[in-house]
Each structure stands twice: as C-alpha cells, then as structure tokens.
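Order of writing sets the labels: A, B, C, D, E and F. Residues in every chain begin at 1.
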Amino acid sequence: MRILLINANNSQVVTDKVVAGARGAISPGTELIAVTGTFGPRVIGTRSENAMAAHSTMHLAAKHAPGCDAAVIAVSYDTGLGGAREMLGIPVVGMTEAALLTACMLGGRIGIITFGHRVQPMYRELVESYGLISRVAGWRSIESSAPYQPGAHDELDREIVATALSLIEKDGAETVVLTGAVMASVSSRLQPQVPVPLLDGISAGVRQAELLARARYPKPATGSYAPPGPRELIGADPALVEAFKTPPR
Amino acid sequence: MRILLINANNSQVVTDKVVAGARGAISPGTELIAVTGTFGPRVIGTRSENAMAAHSTMHLAAKHAPGCDAAVIAVSYDTGLGGAREMLGIPVVGMTEAALLTACMLGGRIGIITFGHRVQPMYRELVESYGLISRVAGWRSIESSAPYQPGAHDELDREIVATALSLIEKDGAETVVLTGAVMASVSSRLQPQVPVPLLDGISAGVRQAELLARARYPKPATGSYAPPGPRELIGADPALVEAFKTPPR
Amino acid sequence: MRILLINANNSQVVTDKVVAGARGAISPGTELIAVTGTFGPRVIGTRSENAMAAHSTMHLAAKHAPGCDAAVIAVSYDTGLGGAREMLGIPVVGMTEAALLTACMLGGRIGIITFGHRVQPMYRELVESYGLISRVAGWRSIESSAPYQPGAHDELDREIVATALSLIEKDGAETVVLTGAVMASVSSRLQPQVPVPLLDGISAGVRQAELLARARYPKPATGSYAPPGPRELIGADPALVEAFKTPPR
Amino acid sequence: MRILLINANNSQVVTDKVVAGARGAISPGTELIAVTGTFGPRVIGTRSENAMAAHSTMHLAAKHAPGCDAAVIAVSYDTGLGGAREMLGIPVVGMTEAALLTACMLGGRIGIITFGHRVQPMYRELVESYGLISRVAGWRSIESSAPYQPGAHDELDREIVATALSLIEKDGAETVVLTGAVMASVSSRLQPQVPVPLLDGISAGVRQAELLARARYPKPATGSYAPPGPRELIGADPALVEAFKTPPR
Amino acid sequence: MRILLINANNSQVVTDKVVAGARGAISPGTELIAVTGTFGPRVIGTRSENAMAAHSTMHLAAKHAPGCDAAVIAVSYDTGLGGAREMLGIPVVGMTEAALLTACMLGGRIGIITFGHRVQPMYRELVESYGLISRVAGWRSIESSAPYQPGAHDELDREIVATALSLIEKDGAETVVLTGAVMASVSSRLQPQVPVPLLDGISAGVRQAELLARARYPKPATGSYAPPGPRELIGADPALVEAFKTPPR
Amino acid sequence: MRILLINANNSQVVTDKVVAGARGAISPGTELIAVTGTFGPRVIGTRSENAMAAHSTMHLAAKHAPGCDAAVIAVSYDTGLGGAREMLGIPVVGMTEAALLTACMLGGRIGIITFGHRVQPMYRELVESYGLISRVAGWRSIESSAPYQPGAHDELDREIVATALSLIEKDGAETVVLTGAVMASVSSRLQPQVPVPLLDGISAGVRQAELLARARYPKPATGSYAPPGPRELIGADPALVEAFKTPPR
C-alpha cells in the first residue's frame, strides 16, 4: 500500500519529521510518498498562509495521488482537506481530524495542545468544523519555535508533559492531542510520562488512511464529495488541469 | 491478532451473522473470538433489555478478554461500551461508534437507517452521547423482522436501498450507516446500488479495533477510563470478580 | 401513596441515608419502600460498576414496583433510569434528573458538586443526556470518603459549603446541586450557610415522584417508553421474566 | 396553600378557563387566587403585546403575591417570568416551563402544539431560552380562534388529536405539550385519544408550584434572582413601588 | 435621516451619555431623536425592572417613531427589542445585538465586559437568545457605579483596559464589547490602549440603524415581525392604542 | 470611499453582475473597484475549486487593496475570508456573512436558497463556521444554470419566488437569503413578490463594508487577525510577497 503524505509547507525539514513520525505507525508493507509544497508559505502559521496553502495541497494532491492508495494532509490545520477529498479518487484524511476521531474511540474528552497562542483560534474553528467541540476538555498553547529547529528539545519536552498533566488534572482531559506536523515522533517519546493516551495527528492519520484504503469504501458518485470534473481551470498546473478534466474512475 | 466480538444478545444466529460480516473486514492473520450472551434478553430491542444487557457485556468482557488484543461491542446500541472500555486493559470500540467516526472521515453528513421506529430514540441518544448529532443528515427506520430470519431478503434489500437513496436525495446524506448487528454483511452486498459509502458497524468496528490494537495507546492510569479495581462485587460471576480484584497491568 | 426507592448499590448504609433524606421531603401519607441491590457492586463508583448496576435496577424495579405508585432511582448516576421508566407502569424519576429539572424552575444556571474527580465525566455525560448542559454554570469535585462513614462530618461540611460558595462567586451558579445518594440529608443541613438554593437528588426525586403519581399521566402506548413486553428473557429473575411476559396494563 | 395564578391577559374568560383547568390539578387544601390584567393587551398574541404584558405581570405579582405561597405565570409565553421570580419572595413557575420540564421526566422528546403559526417563533425562542431545544421532537400549529369562544369545540378537538398523532408518528414525539392558557382543561379531556402523555401548562404549573412551595428552597440572597430592591421606580403602581422599597424577607 | 434612540431608563443623564456617544458614530446629515422613559425603573439593573421597562420601550417607540427612519434600543439589555421591531414600520436594532453582530464581522471570538456581576446572567441569556453564545470567548464584570456619576473616571478607565487585556490574553478574545448605555463614549476613548477592536453598543447600534434605514428592506407582511394590529389594548397610552389600531403601512 | 470587490471566479460576467448589484446598494461617493481572478477555477462550484480560489483571493487582495478602504469577498462561499481579513489592514467582509448578520438584525430565523443541491453542504458548513446555524429556518436549492447566462430569466424568477414562499410558509423563515454572487440584483427585483425581506450578499456586503470603513475600528495588533508578517513566501506573486514583508501599519 502506498500512502501519500501531503505537506503544503515549503519546508523539507517538516516533511522529514513527518516521515520519521509516520514510519513508526505504518503497517509492514506500507510505503510512504511524502511531498513538500513548491510555492506559498515557508511554514503555515497564519490564516492567510493557510488560505494560500490550500491551493498548494490541491496541486500536490493532483500531481502525486496517481498510484497511491490513500492520502494524509500532513499539515495540522488539515489544510485543503475537503477539496482534496472531493478531487481525489482515493481516501484522504486530515492529520488533526484523524487524531481527534481516534481519540474519541479511546473514550472521554480530549485535551488539545497547540504551538503558539496565535493559532489556537484556527484549531478551535477546525474542531468546530468537525462538529467535535463538545468532545474537547480544554486547550493549552506552548510558545516555542524549538520544534522547527534541529537538536534535542529537553526543555520543550518537559513543557509538553507539564501541559498535558495540567489538561488532565485541571480540565479532566482523558486523552491529549498534540497538534503540529513536526510533533510526529514526540507523542511516542513522551507517552511514558503521560498517564493517558497522547496522540499526534501523523500517526493517527496514516493509520486511519491505511484503514480506509483497506476498507475500499466507494468514491461517492453524488453529493459534495463526488468527483468535481469536468471543470475548467485557468492557468493551473497541468496535473490539476488533468484532474479536473476527467473525474476519477 | 485476536479480536473479541461481544454480542450480549442471547442469540447464536445474531453472533453468526456478526462473524460472517466481520470476516469480510479483518486483515489477514486476525482471529475473531465471538461470544454470545448467556443471560438477559434474547434479542435487545428495548431500553429495559439494553439496561440488562449492559451487565451481560461486562460479564462476557471479563470472561473472554484475556488473551485478546481488542474488543468490539457487537450490539448496535453499543451496549455497555463505557463500562467495558474502563474495565478491560485492551481497546474496546462500539460498532455504531466506529461506523459513525469512520463515516466522519469520508466527509459530509451521515444518514442513519434503523430497524424499527421504536428504537430510533435509543440510537439518537447514542449519537448525542458521542457528541456527533450535528453530523447526522437524517434518520429513517424500516419495519421488518426479516433480518433475524434465515433465507434471502430481496424485498428488505430493495427497501434498504430505497431508504438510503431517500436519505441521500432528500436529506443530503453523503454517507449512510446501516445500524443493527445482523446487518453486518448487508452493506457490502448492497453497496453497488448506493451512490455513497454504505457503512455497517461490524465492519467498521473490527477495522478500528485492529487499528487501536496495533497503535498500542496505553491504558489510562487516571480518569474515568482507568482500571476500576480493586472494587468489591457481590454475587457476581467469578470472571467479573477477578477483573475487579486486580486492575489490568 | 407508596414510593419505591431503588438503590442498586449493595449497601444498606446507603439505603438508610437515602431513606433518612427522603423522609424530610415526602408529603404526609406517603410511604417509602426502599430496596437495596442484591448483586453487583458494593458501591457504584465506576463506569463498569454502573453498567452492571443497571441490571440490578431492572431486577429491583420488576420485583418491588407492584403496589407502588411511583419510583425513584436512588443512585445519583440515575442508573437504569430509561430502562425502568420503560418497563414499569408507574412513573420513574432519576434523582439527579429531578434535582436538575427542579433547579431549572428556581432560575439561572446550576453549579454541580460531585464526590470524586474520577466520576465527574460520568455526571457530565448524564447531564448532556438530558440536554441540560447549557444550564450548568460550573463543576466542582470533592475528594472524600467521609460520606460513606458514620459519625459527624464537620470538615466535609465545611468543604461542601466552601465549594458551593466558589461555584456561586466564580462561576455564577444561581443554584447548587449536591450529587450522591448519601448526601440526601446534607443539603437541608447546610442550606443555611449557602446563599442560593442547595438541592439534593433524593429530596427532589421523591417530590417529583409524588407529583407525577398524583398527575396520573398515562403510560405511553407507543414509542420507546411503551411497555416492552412480551419479550423473552434468558436466565433472569422470575420477577423480571414476569415483567416482560405481560405488558403493564 | 395559596397559589397565585397571574394572567396578564385582560380577559376574564381566559382567567376562568385557567382556573377551571387548574382545579383539576391541585391537591386538596390548595386555594387558587387567579388575577387578570388591568391594562395592556386584551389577549397577548404578538411580540409587542407580550412586551407590554411583562409590566402587567409585575404589577399583578407585586399586588397579589402577599399571602400566597407560590405563583404561576398563567400566560403560555411565560410572560415576565424572570422578573416575577426575582421580585417575589415565593416560588414562581412559568406554565410552559413547567409543562416542558415535567415532560422531560416522562422521557423522550416532546412534540409542541401552538395555536397560530405566527406565534410559533415566540414559543421556539422561549424553549431555547430554557436550554431545552434539543428535547423538542417537532412543532405544529393550529389556526383556530375557537379556544377563545364559548361552547363545544368538537372540530378543534379532532384537529388537536390529529395533530398530536402526527407529532408522535412522524416526528417521534414521546410526549405532547399543548400550549395556550385557554387549553387548561383540554389536555385531560383529549388524553384518552392520544397514546402518549398530553400535557398542558396550567396543570403542570400548579403542580410544580405546589411542589416548590412545599420544598421551601430559600429565596436566593445573591445572584440575578436575589431580591431587587431597594430600587427607585417612577410613576409605578403603589404595590410595585412597595415591592421595590423593601426586599422580601 | 432621523434615528430614534429609545432609552427606557428614567434618567436623563443616561440619555445624555447615549447621545454624546452616538454623535461620534453617525453620518453627516443624520439627526438623533433621543427619548427617555417616563415611568418604571430609574435605572434598569434587575430582571424585574427590565420586565417593566419593556412596556416603557413600547410606549416610547409608539409615541416617537413617527417621522423617524430607524430606531435603536439604547438600553444594553436590548429591552423590548422584539416587540418594538414587530410594532414599528421602521428598522429597530438593539444596541448590544448591533455590537455583537458588528464584532462578528471583525473576526474571531468576542470578550464581553459587563458592569455588575449580578447582571451578567441577563447578558448571557441575551447573547444566547441571538444564537451567538459560541462566538463568545469570555466574560468579565466590573463592580463600579462610577459610570453613572459625573466627572472623570480614571480608575474605572484603568480597570476597563486591564479587563479587556485579560480577556484578550487569557480567553483569546479577538474583539471586546463593552456593555452599558453609559459606556457610549468610553470605547473610543480607551481604544488606543486596547490592541483589538473595542466596541460599544450605541456606536454600533446607530451605524447599523443607518445601514438598515438606507437599505430599505420591506417591513415583513407575514410572520412574527409583521405589523401586530389591529389589536385591542386596555388603559394604554393613546400613542400605543393608535399604533395597534392601524398596522404600519 | 473605495470598496474592493474580490471575485476569485475567473469570470468577468460574474464580476459584472456583482458590480451591477453592488451599485444599487452603495452610498453616494463610494467607488467600487471590482477585480476578477486570473488563475484557478472559471466558476467556483466545488470544494476543490474553492480551495484553489482561496489563493486567488489572497492574490487579488494583496494586489488591489492598497488605496481601498474596505473589501468584500464577492464569492458566496466567502472564499478566503479569514485569510484576507488577517492579511489586509482594511476591513474585509464576506458577502454571505454580511447577508446572514444583516438578516439577524431584521429578526427571526433565516431561509437560505442555494443554487445547486451539490453545493448546499458547503453553505451549511459556512453558516456553521459563523456559529449561526441555530438562526437558520430552512434550506432550499434550485437547479439552474440560468443565472450564469445572459438574458431574461422569467422562469428562474418564478422558481426563486416560489422557493422563498415555501421557506416562509413551511419552515417559518422570517427573512430569506439568496446565495450566489450572480444574484446580486435579483433580490431587489423580486422583493415585491416576497412578503419578508429578501437579502443578497453583495448588497449586504458593500453596505457592511462601508459601515466598517466609516467606523474605523483599529486593525488588531494581537491574535489570529493581527498582521501576519513578516513571513517568507515561496514563488508567490510580488504583491503577496510584499504584503507579507511589512505588516500593515
């Protein structure tokens, strides 16, 4: 099975961290195809960058999906998820969507840790868009740019653990979701220090992508997720033009 | 991997249908351990039977979970889910919970088909308890006892397909969930006639159970899903008494 | 009038406290029939025990309801409420349900005090199941096993009052509900120290049970609360088997 | 016990119907004090009349509450409920509030019948203000002025029954609430033709008022329902001026 | 254009502050007609006073609307808004409603500052009645009677700024709404010290009133906001009697 | 005042219709700057096209906002609204957001008409993202491509009116919102045939944009709508690069 990891960030470092995290979660025999944005924001961290990156997600999806069995939006705002899910003939899951829905099956309400106070409203709106806001026990944000830098992050690790414990003790969180594509490997490293499941979106995302690929639910033939084409695009990348010429089989 | 299918209905026919449906969804190498209730309602179809069957779920779970890697509540009211999830050291998913959360990842709002108008409020309350009511496009019920009888069900099949189409066209459903443990194989048989994904809880349940077993999220050590014991039980089955003596490791 | 108090806890101490509390709330001429669980958890304090106790509620209800005019679930998780309400021909109210709905009529949002942080999610889910979560101003939990022990509880009393005051001042609670069947007499004892109404479920429950018994609303003849029978039960107590043979008149 | 029925409609006919309905619901020994508006709308049937009538409710409440043990807002928009509850030292319940909360204890979702399509949004907003909208199964309105006229209403009776049945069968209502103060006796007359409980607000209101009077919950000493005074009123009726001079003891 | 400012408080001081605030927000050529209550509460600060003042709003609206192009409820509980909107043939906006809806268009969730802890539930219920509770980031109340007194309010100003900053930093508010009709000029004075938009209801109200007057949406001819008349009023002010005789053209 | 109309559709016909509609709504002295997409979908009609068009909105906004006083997203999915609002130093409103919020101030619940059944879920999610779903009375979709073609549309006009009437009579809509940028002039033409206000997003959008421009609320200096820059963009249009170099003053 081939799973496409779509990272609309223009940052190979992020993609590398995503792949490292995803490797720990895939089944034997699953192959990862990780692609990085080629235009738009270096790292998505604002509403306007996220809006631009949705286009990038479409572009990467159209270009690299052929031959893949499922795709994961490897940006924790699940950038362009609805569009890619509609456009492609394969299952597409958002990394944060997958973490939240997987957490639901572990029971209880979820604590969410974001990196940067500024982006918290974007995550909140994302959770609301999934209809899952009543499943959230509480929110915390950590101000740190360490995740995007190489090397050990002992201090950040301690802060993440302390933040998770605070969500558990004060807000009654029964699971904790760590947002951010660069956090892909962190949850498994820190899990031993956290007394409830600590989830990250990349691990949950590739697992749910594998599940959906195996399940072979059909592509909708009607509704807002049916193939969009044929539709006319202007000045778009050939891969996108192609994707909108012929609907997926 | 060994997955426990807990059918608190006192009906081997139902268990057989569950197993037949689950077989089409499991991965190679997965073994199914299907157990049937030994006391309580023959077939759960009312609130009071469901209340009794929750005890039966606990009993079957305590007795048969040892040696298994995950469990599925194979009753579509997800009877006793919270209790079993807390008591056992392995992941436990509800079949309807799994169908709904999987449907969420396919996109859009969900149409739900129940069997019997009378039980629809019970399903509605179940969906509300998951915080997912805003994801429901519409409800339909079919009055038929055919699912519990042997033989071909051409007429019922036609009614299910027509009902699914009505949910899609009138209520804007973008996926359809077919409730009922006996429906385990029906969704795959009728899928070709339905233009959006048609999900059943047993297939979704065993898939998500496999996923959670592989993911190895830890058993919570705190909160309302931490091991309940040691707690004193009166006049309970030895397996239950044992489960409450020592908490899962 | 005869009111059945169904305590599925296997603990006569709890039942005694319930009766003591209920006595202060009943009208002249009302008789209390208090029954205690005979199997299952000694004291319900976890999700799994609650699941088992639902069966016990059904059993006690079927056995002792004949001759009674209304019943109260005297466990503050309202264990088995839906099932008993469906099965019996008499009105059945949950003690926590009654406290919440009575508090609604006093105006404003409700502060809820639970005993034990662990069980708070179970109460939260209960309140959500009644559709009343928007009426809750805030939650507090008190860690203490004193309520289950004999003797004076001066320190606990002080903590309850301080907790209620905190809900009023910080969370804007305009009434306070004290959960826990053993709290039945505490609310009236501590009321003078709390500047808003302090409700307990047993008092509210027997009052609402009396009201419903006098009101003589008919047993539903259709829907999910209509009599469940005739339905086949396996290995059940004769009282239960009987209750499912003939529907209530 | 003396219960004050506050009818801010300027219509003795309505008050007479309210009293006739209330008589069938009170306990032996309860006395009804029914008062009728002296200014404002003849019959409240619009938003603007309802706004005016809130003043009338305050006026009637201030003037007639002394000596009473509880009060019922006998207008089905529960006109002025929050204000009267705050101002008076005795419990005050709204007739529609009481019907809805009582219906909650009978189980399941509620069907609501209003008289006049135009006023349905006012009722909807009232139910939303109680936080109970998720408990509503469906809405129906009946266009008829018959309730306000003397004589038999066979045709209206048939329409009410048919409407209730439609709510039960199509919308899954498990109880039906009949709004309108003039409907006070109708629910008991038509109950035999409706297979689920049929509630009216006057009966439910006087029952809950009796319950609250007996329960003797204290008047809040803080919060938005504490006594409002002393506050200065201009050009108000002496009874109102008096009520705002000294707070209730 | 003539905009009617309806202040049902019996306080010319409040009206003067309202007018001063409104002047800074109107377009050239807009004329303000500010009217003050002539009966009822001196200053509305409780539920019961608010109920009385609704009548006063109707009275002022009926008397002074002729010749005006739009009206603003210049009481921050939006007292009598629904009634006035229905009764008059011109657009009517509530000052708090206008502030909230305008804030929505600036993006993100809103922090709300009320004056007096006691009245906060009244504001909360108002926001809920507009269906906007999910747009609220947090609440704060300030205890001070300074706004109703003449002279400089340096200390209060500092407290308002500190409170706004707390809403922004702790609750993630992206706009702040300052309730209270007397706050009309404060928001513009303090805006330079607050890093997100600081809105008051009077400014927002007159702006939205101008907008609606220019837009010339028709008066509804059906539904709950259609003209109420002809309807019979008893003992009402001639202006009100007149307003209910003939529906607005 | 100069208002920028951002039409990310690559269709001058649509822009022309937008401008024609906007002209009827602006104040004297307001100038319209209408810009059309230069890449991406010809006409946005699917989720994937909407995702691509968000980039186009950013591009048009960055390039054409300088010198303007406010902007309107002239695509009825409010495509890229959050991003443009964050990026620009001037107020930005979404056309559908503006229609909904303006409708709120007219009172009651809103009926929404969409063009094409397929896109209705996209509108529903948009309304949910504004937290306004409880304000929606009902939904209807009309299947017609006529709006995008020149000439008279008598049949479509009749269908729109009939659809609006159905929303009013069956769903209790008290206002009706007509989605679609090409509908800009239709609402005023058909208003005489509809008994409640009929709103379109372009008219409401330019009015609210004017209001916000005049109100001069400051650009947030903190939070998720503060200026995003300086941030690094790859391969982006020079106007965008410039916009992310220096934050708006």
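For this structure, a couple of remarks:
To be clear about the criterion, a residue touches a chain if its C-beta (ideal position, glycine included) is under 8 Å from a C-beta of that chain, and two chains touch if they have at least 3 such contacts.
Every value quoted in this text rests on a predicted model; they were computed, and no experiment measured them.
Note on connectivity: the fewest steps through touching chains from chain C to chain F is 2. Each chain gets one centre point, the mean of its Cα atoms, and the points for chain D and chain E are 29 Å apart.
Chain A and chain D have CA centres that are 52 Å apart. Chain D has its Cα centroid 44 Å from the Cα centroid of chain B. Residues of chain C found to touch two or more other chains are 82, 85-86, 108, 120-121, 128, 134, 172, 174, 222-225.
Of all possible chain pairs, the ones that touch are A-B, A-C, A-E, A-F, B-C, B-D, B-F, C-D, C-E, D-E, D-F, E-F.
Chain E meets chain C in the complex at residues 117, 120-121, 128, 133.
By the touch criterion stated above, chain A contacts chain F in their complex at residues 10, 37-42, 45-52, 54-58, 80, 82-87, 118-122, 125, 128-129, 222-226, 228, 231-236, 240, 244. Residues 108-109, 134, 172, 174 of chain A touch chain C in their complex. Note for the complex: chain D touches chain C at residues 25, 27, 82, 85-86, 91, 93, 97-98, 101-102, 104-108, 130-132, 134-135, 168, 172-175, 191, 195-197, 199, 203-204, 207-208, 210-212, 214-215, 217-218, 220-225.
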